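As written, the chains take the letters A, B, C and D, and residue 1 is the first residue of each chain.
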Amino acid sequence: MPATIKRVLPQLAALVVILALNTAIAPGFLDIAYANGRLYGSLIDILNRGAPVALLAIGMTLVIATRGIDLSVGAVMAICGAVAAALITGDHSLAATILMTLGVGILCGLWNGALVAFLGIQPIIATLILMVAGRGIAQLITEGVILTFNDPGLIFVGSGSVFGMPFPVILWIVIGIAASLIFRTTALGLLVEAIGINRRASALAGIGTSALLLAVYAASGLCAAVAGIVAAADIRGADANNAGLWLELDAILAVVVGGNSLMGGRFSIAGSLIGAMIIQSVNTGILLAGFPPEFNLVIKAAIIVVILVVQSPASHTLFAFFKHRPGRAAETPAGAAKPEEGGAR
Amino acid sequence: MTSSRLFPLATTFVIFLIAYGLCIAEFPNMLSTRVVGNLLTDNAFLGIAAVGMTFVILSGGIDLSIGSVIAFTGVFLAVAMGDWGVPPVLALVIVLALTTAFGALMGAMIHYLAMPPFIVTLAGMFFARGMAFLISIDSVPITADLYDTLQGLYYRMPGGGRLTFIGVAMLAVVLLGIVLAHFTSFGRNVYAIGGNRQSAELMGVPIARTTILIYALSSFLAGLAGIAFSLYTSAGYSLAAVGVELDAIAAVVIGGTLLTGGSGYVAGTLLGILIMGLIQTYIVFDGTLSSWWTKIVIGLLLFSFIALQRGLVWLSARRRGAAMPA
Amino acid sequence: MMIGREPLLRADGVTKEFFGVTALSNVDFELAAGEIHALVGENGAGKSTLIKILTGAYRRDRGRIALEGESIDPADVMDAQKLGIGTVYQEVNLLPNLTVAENLFLGREPKRFGLTSPREANRRSREILSQYGLDIDVTAVLATYSVAVRQIVAIARAVDLSGKVLILDEPTASLDAAEVSRLFSILEDLKARGLGIVFITHFFDQVYRIADRVTILRNGQKVATRPIAGLERIELVSMMLGRELQEQEAHGAEPVDYSKKPVVASFEGVGKRGRIAPFDLTMHAGEVVGVAGLLGSGRTETAELMFGIAQPDEGRIAVDGRPASFSSPREAIHHGFGFCPEDRKLDGIVDDLSVRENVILALQARRGWAKPLSRKEQEEIADRYIAALDIRTSDREKPIKFLSGGNQQKVILARWLATDPRLLILDEPTRGIDVGAHAEIIRLIGELRERGMSLLVISSELEELVAYATRVRVLADRRHTGELEAGAITPDTIMRAIAAGEDETPGDRGGKGRAAEILAEGAA
Amino acid sequence: ADMTVGFSQIGSESGWRAAETTLTKEQAEKRGIDLKFADAQQKQENQIKAIRSFVAQGVDAILLAPVVATGWDQVLEEAKDAEIPVVLLDRQVDSSDDLYLTAVGSDLEHEGEVAGDWLVKEVGDKDCNVVELQGTTGSSPAIKRKAGFEKAISGHDNVKIVRSQTGDFTRTKGKEVMESFLKAENGGKDICALYAHNDDMAVGAIQAIKEAGLKPGSDILVVSIDAVPDIFLAMANGEANATVELTPNMAGPAFDALEAYKKDGKEPPKFIQTESKLYTQSDDPKAIYEEKKNQGY
């Protein structure tokens, strides 16, 4: 669909620019080699390392589309990693382990959703509760240690490869496409956007807003569960203390860099996935550049600001302004602040 | 009626008193001036920063940078007074000017570039901590005489509790915050923008100026909180105050302010801070919780407070509805 | 009249485009001091856009504005306010989270010792609002009041702000007759003091009653400016529409005994404490029940109980003779109900979605998420209603927030028509709709009734009720106080029934005085 | 219980710290001490709050594992005013030493030095490019372990650090950063040794090395610090070469000192240093793993 591609063009452009920068800093950045049955290269690393954030971003996109936010995803990752490790070391089959872990993720999501939909607690606080408590729950399961496992099946989820592609990459791409299809070929996408823009009007129009909110938070929990399994499988152990730590911020950032509005409404999962890759490219680029770590944060901040400034609606207006300057100079200052762009409300 | 607007605030206060009562019933020692003094002193920096956060949230925004700004302030002060030999008072003035300008810059980006506050201040959070790292990654002690003087300023309450300078400073900031929120045009404008930005604009509220001022105020108070923090620890450390923004947000919301903006009270924030401080004190007094149970219990208590608050507000709305003439 | 002298406010060649769609092209406009100048035109003609440009809310693409001969260029609303231009925009743009007093004095709070003085603001607010006959708690947040009250507060604020020019964009859309005459007497006062007043409305009666001159816009262009005196109504309408309007049938519906027709739903002793007293209502297929009453009389509350938005705490509901209860609009919709709400901005439009999506929203919600309407079906439905209701939009994919107010209203109406409900509740369906479309909607209601739909229509416009209602429920002070049968429905009988109800139950608004007023108004 | 001791722990950010907590509780139980445990979630302000609460509560002694060296003067003074002795665990503070009874711990810089010395000896005269996985930027173990290591290799021009990034003390980051080191250094062929500030990062990095088709332990030497069980497993498999032990049993000596002090006022020395023992593949790592496995890591 050309419209979909057009929608994510700015994000693609940003990604290309970052990749070009990386190529300039690190010679051989674009090299891809094939060895031991899998592909190697920094580009593959970006796809692979970006998997947890990409997975989280899929669920986060939906939550943000309903004008919510899910701060608990990092903690849910930790819980699910711990659950998976505990089950697999407790001699459960791989299938049972994965199913139960996904179930736990959905449960976490439902808890968040219930707080938001039924108790009317503001999403940021509702999910803050699980963000704080969740890591404790994860540690309760692992008793504070890194719970290691050796099950080759579970390890495959983190570091196996299919047709040379690392399995996590396949996972996020497949789940991303599946989510897009589910939400775009049914009416779910429209309904989610409607409740994000005007929940009252949507309820009056007969949309089951509470059920939908529950479903969306559950989806976010599910994505976090998958991300949790990937993260644990990657290091062959559940690190309840650090798994997914602060990843919720990266996921939110990915969604926004992907061109989605935090005010809810229109959303693009593809945009968020590209956003996740942009963030990972920045991180990998910083690592490859070999600066001392003290510089990491400042560089990251600067790049984010540049990307967002370029994407911001105001700079488009400014750009258009310089392209064809209208007759009267006094007419266009700070055009974006005018209601004609923002519309009513 | 005004009283109905103040109802959530009163509810929160009552919940706090009940909770404190329960704590005392279990640990009689909690009824000491030491605990009261500690509640104020230990949460002084958080309280100061949370007042700024209240304004930001009232306007419908959010400021994720405050924890980093606190860390930056501490490191800057420590290094400026120590390594660079800047006179203490001058260093304080410079750092407040820097943080205020930093907030104003974020506000300007939010307004003029129409970028969401969450993201702008997230970048601000990375940036401020990054700058702290660049100044020094060590934890740097502060040895200025001024600090000794200010730290020595406290009133010893009967029972051994101390009413410290920073504790009192926090209360003063809260008071000023209340005045600013409810008795100035700026305060009205903040509520107006939080209620509905477009409507506020059509009613002639100066959006640009107010937005910039709000974030400048928040960062200024974060700078002040950073000073309080450096007084509290006599040091500057770039890893300090991680996650304080979330604590502040939680305190503001527990205090009854809506994250969607336009509704809430600065006084509520103080209550939120005290409630969170009480939770922590309780856990330490209990002293049997493992690391993980500590987190779970904090989460549960947070949940109970919020659920209780919502329940009471809901009940009263029903009661008041019924009380009207049929 | 004032020809020859420099006009108070003057616009020359104002042009405005939105994303390539011309909303205004080369419009000239003149407002003299001490005149009331009506601005009329179809929905989407550009009226609101023009005043937004005059008051700095939008930037114009071209053109010149002058106040008292001096060229001005208000960069934002604050600038315009400083120049002495007070405005009420079409969508009541106040702040629901602030108190009434705070809304009135936002931006110019009374000060004492450098700090604002809420006490003083409250006192002065009470004073101001009493001129409008509104005796309400000014320290309560605005959200607790109905649209009408908010509208009056908005007017009061604008009047208080305007030193030279007062602009009102459809201020009377949700006011009842008494409120309207009170407003008009205030406008007369201001006019006598030399203010220039711009007044936008779709009610021609009001134009004739109060305006000195009228400017007609059509499709973003100015058609003419004429003194009211000597302007034929027919001529005004045809200038506005660019065609003749078929004469409205102002007679009521034929008296038919609907009680014989099948019952769609019945409500017995349904009420909610503090909101609305228990009432009985039986809705038959093929009838239109009009609901009349003053502001705050409980009309909207009645509708909310019927549609599951609020839950009754007593009474029985039956649909098709079977007991039913709904705890949400969703359930009501599954029983075949529809409800077009009064506050379109808050409860109606989903502003970032396109016209197409807004139209199909309720239908899609009823089918469930798993059975999406195909894109083609959606487009067909949208196009059908865009044509049927004459919705003015450049494109069905345009976000609804970019449509003019009246056209948004039509989209919401279309949303409910598309679900083809058995019982349709309309709360002020013609709010802000132009004469052409108004006639069309009245015709449509008749048609739906003939097709066997059961309708409950709340309206403050009595002529309108007369035109389509088969019976009229009369409400006063949160009670159903009476009912007029077909044949007995005229504006005058409705008015009397309302007044009688008000007298019976003197409520918080001072029943006696109000009743007398209404009757006086009816006589005028 | 005849003695109530408050213990302000940093948090539970790593297996090592979990073990320290477990052992402290065990030791307390063994001696009949009533332990009040407070977890600070990695925040100094929480530790200060906890100490203040301990004082308000009137405990008999306080154990403090300080998250950072600075900023303790005031609160230690308050404890001193209340005549409550404070023992520092495993990390130091920069306050004057009359504010606390004693400090039990290892010398972080010394640990780095032991690791560095091992590497210098191991490579002899050969050129060796070292990549370094630092701890959390700004944390005192990261700073000191780096300094100690650099001290050990200074003067040996054949050993030099070519890349140094933070791995935040975690396995995930250790693995990710190692991957990029490998990419940046010619697929890992230019790397002779890895020095990680803790074992967890080393374990993550070992996986990255293996996935890149190299052999950790021989193609790339691996030396790290802490001596947690999992690194012994790696050593047993020949995938890691050396680790420097940081014992999690700090509480034992601390309680000894406290009990002696309480009994007859005996002042312990101001610093009770624990051993920084070096383990290599020749120390029967398998046996040590089995032994350590159940110590609460």
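One rule holds in what follows: contacts are C-beta pairs under 8 Å (C-beta built on N, C-alpha and C of every residue); 3 or more make two chains touch, one makes a residue touch a chain.
Which chain is which protein? Per UniProt: A = ABC transporter permease; B = Sugar ABC transporter permease YjfF; C = Sugar ABC transporter ATP-binding protein.
A quick note: this is a predicted structure, and the numbers were derived from the prediction, not measured.
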Kindly indicate the chain pair that has more C-beta pairs in contact than all others.
A-B
I'd like the Å distance between the centres of chain B and chain D, where a centre is the mean of that chain's Cα atoms.
34
Whole-Å gap separating chain A (ABC transporter permease) and chain C, where each centre is the average of the chain's CA atoms
44
What's the distance between the Cα centroids of chain A (ABC transporter permease) and chain B, rounded to whole Å?
29
Residues of chain A (ABC transporter permease) touching at least two other chains
139, 143-144, 293-294, 296, 339, 344-345
Each of the following residues of chain C touches two or more other chains, namely 57
Mark out which residues of chain B touch at least two other chains, giving numbers and ranges.
133, 137, 196, 198, 201-202, 290-292, 294-295
Kindly provide every pair of chains that touch.
A-B, A-C, A-D, B-C, B-D
As the complex stands, chain A (ABC transporter permease) meets chain B at residues 71, 115, 119-122, 124-125, 128-140, 143-144, 240, 249, 252-253, 256, 261-263, 293-302, 304-305, 308-309, 312-315, 334, 336-337, 339, 341-342, 344-345
The residues of chain B that touch chain D in their complex are 27, 29-30, 32, 34-35, 38, 41-42, 45-46, 133, 137-141, 151, 160-162, 229, 232-243, 277, 280-281, 283-285, 287-292, 294-295
Where on chain A (ABC transporter permease) does chain C make contact in their complex?
185-188, 190-191, 193-194, 197-198, 200-208, 265-266, 326-327, 330-333, 335, 338-340, 343-345
Mind pulling up the chain D residues that touch chain A (ABC transporter permease) in the complex?
11-15, 17-19, 21, 134, 137, 163-166, 168-173, 175-177, 179-181, 183-184, 187, 200, 203-204, 207, 211-213, 230, 296-297
The answer for chain C against chain B in the complex is residues 57, 76-78, 80-81, 87, 89, 93-99, 102-103, 106-107, 109, 115-118, 137, 139-141, 157, 271, 273-275, 277, 478, 507-508
